[in-house]
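In this document, chain identifiers A, B and C correspond to the written order of the chains, with residue numbering beginning at 1 in each.
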Amino acid sequence: MKYQTNLIFDLPQTGDNANRILKKCDVIKPNFAEFYGEHLLREKDLNIPNLSEIQVLRHYTNMSAKNFGVENGPYPLGSCTMKYNPKVNENMANLPGFRNTHPLQPTETVQGNLTLLYNLEQQLNDIFGMDHFTFQPSAGAHGELTGIMMIKAYHEANEDFERTVMLIPDSAHGTNPASAAMAEFEIREIKSNADGLVDVEDLKQKIDDKIAGIMLTNPNTLGLFEKEVKEITGLIHEAGGLCYYDGANANAILMQTRPGDMGFDVVHLNVHKTFGTPHGGGGPGAGPVGIKKILEPFLPKPVIKKLDADQTKFILDYDRPQSIGKVRAFTGSFSVCVKTYAYILAYGKQGLAEVSEAAVANARYLLERVRDSYHVPYQEPAMHEFIITAAWQKEKYGIITTDIAKRLIDYGYHPPTVYFPLIVQEAMMFEPTDTETLEGLEGLADALNAIAKEATENPDLLKNAPHNMSITRPDETKAARNPILKV
Amino acid sequence: MADYRDDRYYVDSHEWILLDGDTATIGISDFAQEELGDIVYVEVDSVGENLEKGEIFGSVESVKVASDLYMPVDGEVLEFNADLEEKPELINEDAYAAWIIKIKVSDSAQIEDLLDAKKYQDIAE
Amino acid sequence: MSGYIPTSREKRAELLESVGLKLDNLFDAIPDEIKIKDKNFSGLNAQGLSEQEIIAQLTNLAERNQRVDQYDSYLGAGFYDHYSPAVIDHIIGRQEFLTSYTPYQAEMSQGTLQAIFEWQSYICRLTGLDVSNSSIYDGASAAAEALLLTCRQTKKDKVWVSEGLNPEYLATIKTYFHAAGLEVEIGALNEQGTAAGTYPSGDDYAGFLIQSPNFFGIVEDMRELVKKAEQNQVLSVVSCDLISLAMFKSPGEVGVDIACGEAQPLGIPLNFGGPAVGFLAAKQKLMRKMPGRIAGQTTDTEGKIAYVLTLQAREQHIRREKATSNICTSQALLATAATIYLALNGRSGLKEVAEQSAAKAIYLHNKLIQTGLFEAIYNKPFFREFAVKLRYGGSLDALNKKLLEHRVIGGLALSDDVWLLAVTEKKSKKAMDDFVALVANLIRHENVLGG
């Protein structure tokens, strides 16, 4: 297949075809120069091309063929939970009754939307053991920031202004320290022990009366369950801090255990990870944040409430003097919430327990299938994701993680997450997810074992991979040294 | 194998300092350059500032790593090597020729705390 | 087998046994005291529903809403009901765009990366600026991030924002800035409803921000912003509307340092306010301080054009707490939708959308004034939205309620007697004529305003 390489701006232009899409203007256009004044108006037309519909369709259809989606094959990107995105959920989110509602409509005209969000809040409270959820944050990292802001507001409300330190394990996602820093917290890093878990002794050393809280992922980013989580959250609470649960790995624990029961006060979710909403090549997402009662006054505005007089009616409550305010306009990524709701309906309590079971079982099985081919840095039982490394291959054959990842592309699989967490050299993190098929798991295992063999016999095959994509490896150094960011 | 030079001093955060009277040039070691890989950008926004030993005077970036640069001694930042704005790769080509900043040293007594090439090599490797 | 899980429990048990593991031991790492025992939940069903049942439940909820395609709506205030061409949904519904991850593996993500590169190019062409990121959550968070950028660049900790900014955006900026320990000063509008003559002086500001068209729909003259910002060595920021830029001078053309805003009007459905898609563009000198993902063009080992995520050393996964922002998500799919909107409409189509919206807003404004029941509160030029005031007082809430009975969603009541109304190219002359007649009738003959 021949791939086009044109940019949209390179295509031959057609004439003015504005009225192919738009109906003719049925009011008289006034003299704009007179109405606005020449000084406000553009002198020349915009420099964007006029194109025909078929040109645009072919252009983007051919571009899409250079992508790889969940429906192409296994996508074991660790910590990203690339599970199947149910088609019916797309249809539901696009129902005209949802799609064509304006965020500022009177609440009595959007009772369907508000009911859905209210019901979703109840479901999430049950699943995560929390008391309230807000749907305003647009993504996981946005949820983190929102949660951290609430922690800050809580300490401020208690006039506890000296609590300026956030504890974060060294294995944490980069967003944790970045979010905490945006709320002016100083980061104090906690070490991981040899088993890959939070070093509780190190934690004890680092707790003092300046701590505002801790941010923890559980299972952590190494795919290991923090068994001492109750002790950890207990220590933090004793010291007057609050506990933040990074929900990135929630797929591993659905209906097995709950952050609320582990002692967390705040949790954010990435619904594209846990509840199968599509990632869209980098968004749009939604990052609902759950909290315990003590943080309720600080929730972003507005909050969805039942009307006192009529418990079947919902309103948006803006009268919240202690609220942190807003983290974006309006109520959040509503249509992403519709997909989340449909997903949870499809499973129910029992089904969600099977989701986490299948996620963990698939990861465990895959790890055992490749254990003899790669270095496994941690021996604790993995949950929904696991880490192997290219340490053996690097030492003997000069093969690095990138080479293995790129060779996997030749086999038709998306590579794992690479070089993360930062505390593991040459890390490859695999997360097959609950929706990986039998043939997907077996194929992935066979490919990884075959690649380990190729490393010994024909290392160049790996070093020059991938061989069959629209491009070979791109020059990232050139891109960063002399950035070309537009045409 | 990284190169170490006896004509200058080092600090354990991998900067070198080469004295010339009461001024000095500062760069990063050959070892640091190797660890970072292809350097794509050097940022210094402290020209004209008086900084203390250990304070950040700028940063270097490779594709996947960003690393802050620390003052080996107290001093006033006099100049940023303008060649690096266009050609950050000069550091990869010769880390000891590609100085990053020129400073006026404010406390020459601090020189004694710096590492010589041998001691730095032990720490780095 | 539940939901979309492709393997059965029996098969799972069998697989695990084949490698010496047991299904029953999978969660042994979770201490007993925190395991979920037999709990009954109030919100969560015990069992999953079938596809047919899900459709029935959700369709029922959707039908409980009143919608702008069945009602005659005049709401805007940040989200606008422009026409979305059919092609958009078809392309962004392709699973290759819809279900893929952030393009970390460039070789298998050239589609997404090129789409982002094209979005960045369009945004630069529209705003007249040098560098755009790959998009950001929404217009409000884009404004907050733009102002944080001014603080990073100038190392100052105070910004000035004109009150002509959308109140949702202003609230978002305040929240971000309070958390960051930075200060926001609000500048009241002048009597014409613009920022002219209201700028402060002093070099302790990092940035000045205005919105154009502002919250009341009025197109601001950005030249004064640029002049005042330069005089005070402050960065200038404009939150702008991309469709309006088909008619009006761009921020870059006038010398503005940063442009930001909401791209929802480019064919993105209303969806009750989200997801949205913010944009952020700036002059070259601010490139390395920008938040968010950025795609760049390079070559592969064989010299072919290739696209990658670049300037990543700014970002959280490398810089952690020293990153330019914590943001990792862009709104890639919606940015792609907006890009396709621009490709389909082209410069002629976009100009027509802008001109029709403006012409219809002017028409509706004049009609309402002609009833004698409303007066203009500002006489400055507005784009597709404007505010009018009841001449003889009364309650707009009551009027809006009554309008609903006639299948009309009225404008936004900013106070008892100030009404903010928006129209787009979709609105027909007949709808507006009927609307004005209805409003006049309700006020004159049915006394809905009370009094």
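Here is the rule we use: a residue touches a chain if its C-beta (ideal position, glycine included) is under 8 Å from a C-beta of that chain, and two chains touch if they have at least 3 such contacts.
The structure displayed is predicted, hence computed values, not measured ones.
Novice: What chain lies farthest away from chain A once each centre is taken as the mean of the Cα atoms?
Specialist: When every chain centre is compared against chain A, the largest gap points to B.
Novice: Measuring from CA centroids, which chain ends up nearest the centre of the complete protein set?
Specialist: Of the chains present, the most centrally placed is A.
Novice: Could you give the separation in Å between the centres of chain A and chain C, each centre being the mean of its C-alpha atoms?
Specialist: 19
Novice: Distance from the CA centroid of chain B to that of chain C, rounded to the nearest Å?
Specialist: 44
Novice: Just give me the whole-number Å value for how far the CA centre of chain A lies from that of chain B.
Specialist: 38
Novice: For chain B, give me the residues that contact two or more of the other chains.
Specialist: 40-41, 61-64, in rising order.
Novice: Indicate the residues of chain A shared as contacts by at least two other chains.
Specialist: Expected reply: 476, 480.
Novice: Could you say which residues in chain C touch two or more other chains, in rising order?
Specialist: Within chain C, the residues that touch at least two other chains are 312-313, 318-319, 322.
Novice: Name, in rising order, each residue of chain A that touches chain B in their complex.
Specialist: Residue list for chain A touching chain B: 419, 476-477, 480-481.
Novice: Provide the residue numbers of chain B that touch chain C in the complex, in ascending order.
Specialist: 40-41, 43, 61-66, 68
Novice: Residues of chain C touching chain B in their complex?
Specialist: Within the complex, chain C contacts chain B at residues 288, 312-314, 318-319, 322.
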